[in-house]
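Each of the next two complexes has subunit A plus one more chain, namely subunit B in the first and subunit C in the second.
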Partner chain A sequence: MIGRFRIAWKNLWRKKARTFLTVGGITLSSWVLVSLLGFNRGYENALDRDIDNMGYQLMVMAKGCPYEAATLMLQGGTGLRYIEQSTVDSVKAEPGVAMVTPILMQAYFDPNKGENGGIAGYFGVDAASYAAMKPFLRFKKGGWFIGENAEEVVMGFEAAELEQRDVGDMTFVPEKNVQLKVVGILERTGTQDDGTIFVPLKTLQRIAGTDRITTIGIKMEKDADAGGLEARLYELPNVQVVSFTQVKQTIMKLVSTARLMVFSIVIIALLIAMVGVVNTVLMSVLERLPEIGVLKAMGAMPGDIFLLIWTETLILCSCGGIAGIGLGFAFARFTGVLARRILPYAPKGGLVEIDLRLAAVTLAVIVAAGLVSGIVPAWKAGRVRPMESIRSAI
Partner chain B sequence: MAKTRESAQVLLVAYLLFCLRPAPANAATGCDLSSPDRDVPRLFPGSTSYTTRYMSLLADELSSVVTRLDARFRGLYDPLNVPYTIYEIYTGKKKVGYIHGVNQKGQFGGIQVFVSLDLDGRITAFYIQKITGPSAGTFRTPAFGNQFLGLSLRDFDSYDPVSGKGSGKLPAIRNPAPDMETDFYSILRALKKNLILMDVFIYSTTRKNP
Partner chain C sequence: MSGTETVIEARGLTRTFRLGSEEIRALDGVSLTIRQGEFVSFMGPSGSGKTTLINLLGCLDNPTAGEMSLSGTRIFGGGKSLSERHLTRIRRDVFGYIFQDFHLIPTLTVRENVALPLFFYRKPGTAGEVERLLGILGMEHRMHHLPRQISGGEMQRVAIARALVNRPAILLADEPTGNLDTKRTDEIGSVLQELNRTEGLTIVMVTHDAGFARLGERIIEMRDGRAYEG
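After this line comes the complex of A and B, so read on.
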């Protein structure tokens, strides 16, 4: 005995072109939907990874100019504000703080860089606490400074490559005329550390003629109350706090506009696909009215006819959905590259992450939308009067 | 209040873009002018336009360049197998020369040595785009750079920039910064590398369409 699924399949196969066009429409909708969902997840994960690579979740800096690094960039380091190093102990004493690392950023003008000179940036760090906060840092050659007053530098991979430095070579701090020895070169991390020159904190303080610092990086304890800690840190005198959760939210807000636009397109594509399904199945029902009439005359109940037509919808949507998800998997990388070109900021790594769970959700949405679209034609087919429909064919 | 929050957000994003910026990629690739639109007219007065070509050494060329540079000092010239940027200079529609730069390891950092060359391979301008060190500025003065004008690869036939010995015009060029002697010889080595590469890429006839 021939089953409902087989009848539905054969019916769809009778009008190949129409069936393929409908499946094509559903495929496109499904592709866009799965890619968007994959992007949603991928972008956030990539951003999380970038932020994790920073090593710290909170930064404390001097009140006044909120973002030291931006100042360094825009003013060549002349507008830097400092905080007392004793603030490190106050921060360390706060509950919820797992680790802290003091940082001194300095930028010096190098007149022999390019036609009009350029900026050479240095990060004064306490090797022990900085390394503890960034356990992923690995040395390509050499290691950290031998002492906290050592006249040495550790260079990020790109910085060493650009300056053609090797362990044992010398570097020169412009403006200050200080020579420092390269004792370590880091492996490439894909983060800002790659382009950084690290100097022992005390050495850079001596070079800069200050006993203060510019930044404190804070790693929180697991399950610490980030909001509460942030609020308590704000009570410290003359400091302000930058939370990377806040930074992430700001970026996500920027990206949400683009996401909203794409999501609107997905909705439109989904609606077009649904209309396509309704059209295809309804046409198929209208063309087969006499056949449906015969089926009913032979004893088929309205529910049987309804289910038969619904099965056709199910097949159309499942095929289109699976094909779209397949395309989503196949072109995830390409979609990521495209998104990277469009977005104002794109973190490193894959921007579109599609897994089986996401594929299942997409298929469920597509099939559910398809089945809803199939209700009208199926209901219409179920209500066909046998005698009238058979007579219409004569 | 809303305005303050808005500007804080802008700064926040600026900061983030700085912090999370991808590290500069391919620093070890050839050597580009930092601002070609500004630098080309300065290095090639009278030029009206330029095009940029990227060229790499073929396997057999690589070994020949290493030999010509002196294999004993290969480490000084590494890496050689990178793309090189060559600026082709035009006056109107007529090609009038080239600008080409190379990276060279210096005592305190990377050195970038550019030359402008006429169609016969003679130096018409000499420019050190980047050099680091206590007396680095002396190598960027016109007085130092002008000594190289009119020289070509042939001048290196009778001069060894590794030992600093030989005859011809090159030994007459004096080091303007005694505290940076290593860099002086590095600049000469960079110049030789630059001219050899241009000979391979442009002036020799082994390649089609120089």
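After this line comes the complex of A and C, so read on.
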């Protein structure tokens, strides 16, 4: 038995080029929309992941610009100001603090890194408290340093690959002419730890010629009053506190401008696609007026014709929507790479995350927009008078 | 084969069209009665008002003036007509239409074209009607062909099958052989006569071909929008 879908489908094949162009327009809109929604989710998740992988929710550091400092932290760079190590005990004594880890960050210029040299980042850490703060760290080979004064390093996955070092090899600290033994290589974490070289805190302090530290990482107790703790920490001399919730909000604000622009483009693309749908379906209706008249002479009610034309719109939008979502899935990685180049700060990992739920939401938006566009041509077709439309062919 | 029941009754049907500032009177006060089972031919030259009349009789168009009833039900009259929805119901219940240009849907197969009216409305007892009609009209071997793959005569036979698939009470045929050669014209004529005789179908046909018009038991001549019988 012949059905509405079959009639509509066959009608669309009459003007293949026009149908393909319209579906193409819808595909592009759908692709951009699903990618944007995927980016929205992916970026936030990647940022959350980066922050979670820091292992701590608060950082205490010497006074300076907190945002820049936080960005430097996230990017694995260095804080340039120092705080006294005694601050660690003061922080530890605060109620609500579950764990603290002192960190000394240092960056040395390595002329052999890359084509024109580069910065090698070193983290002086207390192995026991740092590892406790990041229980997800796993060793590909070896383990943590034996003692707090050991002339040893643990290398992040990428750092080891870049320097082509294995456990037992020696590594050279540029600018300082010091050799350290590699005792462990971490598995890939997808965070800035991958590119970091970890040195026992006291060893790095000796190399850097300082007894101070740059940062204190703080893990709060569950249900601790984050605001209250932050306020109390600010009372410590010459320190500033960076909360990662705050960092996340700041970065998301920076990104939201770019997101707003892309969203505007999506709206424009969607509107163009909708105009395309109106044009295609309306043209198709006008070309088929005599046929529609014959259908009405056969007994088709206005609602029958409306539904028939609306089904054509539905097919156009569904095909375009699905194709666009398919492209969104296929090029999610590429879109992420592109976004990473444009954005001022991009966290590690995939920036575009598209799942079935997001795909369904996109398809629903595209189909709804298409069906709205199809109302006018479908209504127009439903209202034609049989004789007038049959006569229009003469 | 004609009965006594009046199926169409028209009084003073008038239809004018406006062409710019000029008013054209296509139909000028036509009155007629058609009984059940009759085969009526309207004959006349181009522009005589035949198609306008058949369109009014088939409720495809509204008259400017005059009255019309179908089996006693008033359709047009007193400057009023039934709503488009109501007229659609009458069209699908009562009429089957054959158009001069076939008006088959080019993307649908022969079978799908014939079955199309059933998609919108299926009268009881029409199961298997598509195959039966295509069989009667000798088109069963062309069932899965597209209209562009069959001849003009075959297209018209498909159009006839489509007009009959919902078992209409009245078949309206507007120049059903207008695009066909003599052989095909005779073929279609035989089919219509057969349907009138065997199925008791009321047929109202428009043609400009005097020979073909004689297939009807009544011939009404149209001139300048007026009808002359006998």
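We take it that the second predicted complex is superposed on the first by the 231 of 394 C-alpha atoms of A that agree within 3 Å, B and C clash if a C-alpha of one lies under 4 Å from a C-alpha of the other, contacts with A are read in each partner's own complex, and residues count from 1 in each chain.
Just so it is clear, a contact is a pair of C-beta atoms (placed from the backbone, for glycine too) under 8 Å apart; a residue touches a chain by one contact, two chains touch by 3 or more.
Computed from a predicted model, the values in this text were never measured in an experiment.
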{"item": "First (subunit B), second (subunit C), both or neither touched by A:Gly156", "value": "first"}
{"item": "Comparison of subunit B and subunit C by subunit A residues contacted", "value": "B"}
{"item": "Subunit B versus subunit C as contact partner of A:Lys348, first or second or both or neither", "value": "first"}
{"item": "Touched partner set for A:Arg385, first subunit B, second subunit C, both or neither", "value": "second"}
{"item": "Which of subunit B and subunit C A:Ala128 touches, first, second, both or neither", "value": "neither"}
{"item": "Touched partner set for A:Asp304, first subunit B, second subunit C, both or neither", "value": "second"}
{"item": "Touched partner set for A:Ala360, first subunit B, second subunit C, both or neither", "value": "neither"}
{"item": "Common interface residues of subunit A - those touching subunit B in one complex and subunit C in the other", "value": "none"}
{"item": "In the complex, subunit A residues that touch subunit B", "value": "50-51, 54, 66-70, 72-73, 110-115, 156-158, 161-165, 170-172, 174, 177, 179, 188-195, 242, 246-247, 250-251, 254, 345, 347-348"}
{"item": "Contact set on subunit A toward subunit C in their complex", "value": "1-4, 6-7, 10-11, 13-14, 290-291, 294-302, 304, 385-387, 390, 393"}
{"item": "Interface residues, subunit C side, partner subunit A - complex", "value": "55, 58, 60-61, 84-85, 88-89, 91-93, 95, 97, 99, 101, 103, 105-108, 112, 115-121, 162, 166"}
{"item": "Subunit A contact footprint on subunit B (complex, rising order)", "value": "8-9, 11-25, 27-28, 34-35, 38-39, 42, 103-110, 128-134, 136-137, 140"}
